[in-house]
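Next up is a structure, given as structure tokens.
Letters A, B, C and D mark the chains in the order given here, with residues in each chain numbered from 1 onward.
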């Protein structure tokens, strides 16, 4: 009889240890995430439960006046619109460039791309946002002023600074997406006599489209959450951004500008946490969007197979 | 569905399956499979893709744990190896498995071979060297790779990599060897070498091999099991299955009508 | 191979150690040793960024005198300073404004100490060619009634308003002393003196206001009603736009905090440091201003 | 126009645009370096900001905080990534819930992480403005990024490697630590270094946690419990990125611009160094273990 089969062994103990270690690590991360979400949620909701601000007004109005406690006039609409506008503009500027660079790295010249282009773009990731803001303030703003008049501060300045900041994010994710297309597909297309451009358009871009979209969504998320750099160049005025050169304020820039001057627990502070909550909800939406895109593309693939 | 099972005696078998059912979620992959796999013989599992033969094979050393639900009894030397109290690691020391894709670890040849021994608690350098030498001889790798065991295993050719993996499996001297299409990714010469290895291993190993290569099955196996749509349809001596199968379906499959 | 696992375990050990240390540190931080003659312990002062340079410098000199004392000075804004000291989270809250003027602060729990005065001046970009304004003109500019510099005797150029962040100490001082209840028009808001300095200096037509210490050559400080923004004019309240810098302690302040506040009012700080860093000494003031803005002679 | 002509034109456009963007990025970085280079000298690197215009203490603080942050976050991120990729079924509710949470956490603005750290670590746990508060807050910021990048590297190792290890009777844990982890190491390593770059440049998280003052340090005192010791984790610590922020927002005097430009140069050079090291290590490692 083979008694040995039922004996315990060090492998079993190792596995118990391993499972304990990894799941406790995961628990730490999840507890932390939940704590932060709960924290932001509970603080952000106080504006409505404790200070009795009408939720609908908060979403649709465009003034930010917390001085008058009797009838505070609070609305995040202008902030949300500005956040969306700057982000959208930044993504519109960056996405084509990032795509071109990614194609260059993956298809045109993997050697130069991998050695020079990619490291150089990734270097942008390590530059602190303060520096982007600083350069925006000292270089970009004067240029915009000379070019378009006015002060130079505003939505366009913020969007351009953001565009540079999210370039590395979108590029490296796009590179990953393009690399995810099996080499054999390319080889196959070439063997059919396709030109490089045809392979890029009809094979690479087509197949990796969902993943490219996800790359853009992550770029959007990063731009949406950026604070310090935007705050330095956008002009910080709570109003609807009617033109590209209107000074405006985003959710994050408002948050950053005002946080130090508010008293914890008062309406002014709670309202800022409501903005944080809005930001959170937005990143949640971006996230779900990315998931949805991936899931749909996966289900389509499995059907066609 | 008609089945015809001419099973060898259970007493002469290392692995005995009794009413094995395997499910992936709600989907059933294997239905009521009963079979005996004779000791120190080679049994080939054949059948079209998706017939469940790989799933069945993987269950024999519990590689399906956490992936599929296995019901029924799988006896190894009389012990039900599906018993939850069975230590799968001890089981896998006795029932080795080789996969379709050559998958050496991204380490040197020496480390690839020494790691399983280290992990099994063998730290005797001289003994390890002896065993490595022995298994490399068994798979005929020794004269091909020379004495430099420190070169990366990934630099070997596909066929060499697979034989290295076979050697790695043999290090622990398994009583049963499971092979999941071990030669399907290899060239004919490498395939022939693996087949030769298997035939000589038969002396002290019970071998079960999943293969799509019918000629390979007929060349090396003693018994053949034909799986069809999750059922074991026919089990008989290999000669019988290939020359004069009992079921019409088997006949059609081995003559290449579908697959 | 073992290296990987041991690195992993070392990492875990470090966390455990950090947590343990943290626990110890938390205790020793809040406890203030009072035994013996030599002063020892730890004080944390948080709040106003405008006051920060002075307190930092004073803290350094204070620590040099009392080697067993640690004074930890941080920014965070007046609001942070006030709310944290009122909650007892820090020993000292630095503020540009009276606690009374900030709703939501538990003023009954804290004691006020005035440590310096800051004068503020309206600043414009030199290309506006404006060097003096009346108080009413200044009000009208910030209220949005005057929108071109030529309306107040300058160049034909649009006025670009740069206000300070709502709720900041500087904004409160400006609103109290200049706007006097009038509403500012919606405009650009900046939360730091550095940013205002840069923006006004580089934007044609820009106007804002800055503490005296931030005035530079590329900015034009504006005289109001014929009074120039100088320290001497602040002392006798001829120049109206000024405010106190406050350091709030808890009602039952610990020994070290009390000693540090005392040090802030010493001749060394008031006589030397305050002037060196561009503030105005509290001792030189000939008038007193209360929380409601009423000024009386000393 | 035939497709060969189109191909010619379009590849030309691709190359051209890439060249322009690369030129732009390079000149952006060169601009930053050139405009601050004059401020950088040995004196700048080796004196304290308290006595001169130097950034010695800020540089040390940045590196020390980075080290602590990675020491705390690496094991946790490694474990969490393993749990997500190698333990939990990727289709399970738990895994997708966890991945969603981590994703959201990674897209939170850093100012929120900083305020969370301030209210929880600095005040509630009474850690004060200190290196340990800063390191933990940076860990909150770093964990999701690191976990995601390690997870990607681990997924890059073929599933069959795990199968082979298990089939040899090696425990799952040892298959992971001795086979899969070494193979994923090049990717993990570059993930660590890239996250290090982001942590190194992070300011908003630290303003409210590690603080904005850099008490002069006594570099002869290596007793971690002495308040003047550089190793003490309960002292406040201003980092390079915070220093740039502070100098730009509240600093007095004409030297502010010079100091900030000089600090930017140092910061970029360090990040550049990280990138080069990462690249070197991951290529040499990949040569050793690449499949």
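One rule holds for everything that comes next: contacts are C-beta pairs under 8 Å (C-beta built on N, C-alpha and C of every residue); 3 or more make two chains touch, one makes a residue touch a chain.
Here the structure is a predicted model, which is why all the values come from computation and not from measurement.
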Contact-graph distance - origin chain B, target chain C
2
Contact-richer chain pair [B-D vs A-B]
B-D
Grab the C-alpha centre of each chain and report whichever is closest to the global C-alpha centre.
D
Would you kindly say which chain has the C-alpha centre located farthest from the C-alpha centre of chain A?
B
Centroid distance [mean C-alpha coordinates] between chain B and chain A, Å:
49
Need the CA-centroid distance for the pair chain A / chain D, whole Å please.
17
Averaging over Cα atoms per chain, report the distance between chain C and chain D in Å.
32
Find every residue in chain A that makes contact with two or more other chains and list them.
10-12, 21, 256, 259, 264
Residue numbers in chain C touching 2 or more other chains?
8, 12, 49, 75-76, 84, 87, 191, 195, 198
Going by residue number, chain B touches two or more other chains at 89-91, 119
A full list of chain pairs that touch reads A-B, A-C, A-D, B-D, C-D
For chain C, which residues are in contact with chain A within the complex?
8, 12, 49, 75-80, 82-84, 87, 102-105, 160, 165-169, 186-191, 195, 198-199, 202-204, 206
Given the complex, residues on chain D that touch chain C span 50, 68, 71-72, 74-76, 78, 118, 123, 125-130, 132, 135, 177-178, 181-182, 207-208, 211-213, 215-216, 227, 233-236, 246-252, 254, 256
Touching residues of chain A toward chain B in the complex: what are they?
1-2, 4-12
Any idea which chain B residues touch chain D in the complex?
61, 63, 66, 89-93, 96-99, 101, 103, 105-107, 115-116, 119-120, 152, 154, 165, 168-169, 172
Residues of chain D that touch chain A when the two form their complex:
3-4, 6-7, 10-11, 14-15, 17-18, 21-22, 25-26, 28-29, 31-32, 75-80, 82-84, 86-88, 98, 100-105, 107-113, 115-116, 119-120, 140, 143-144, 147, 169-174, 176-177, 194, 197-198, 200-204, 241, 244-245, 248, 260, 264, 267-268, 271-272, 274-276, 279
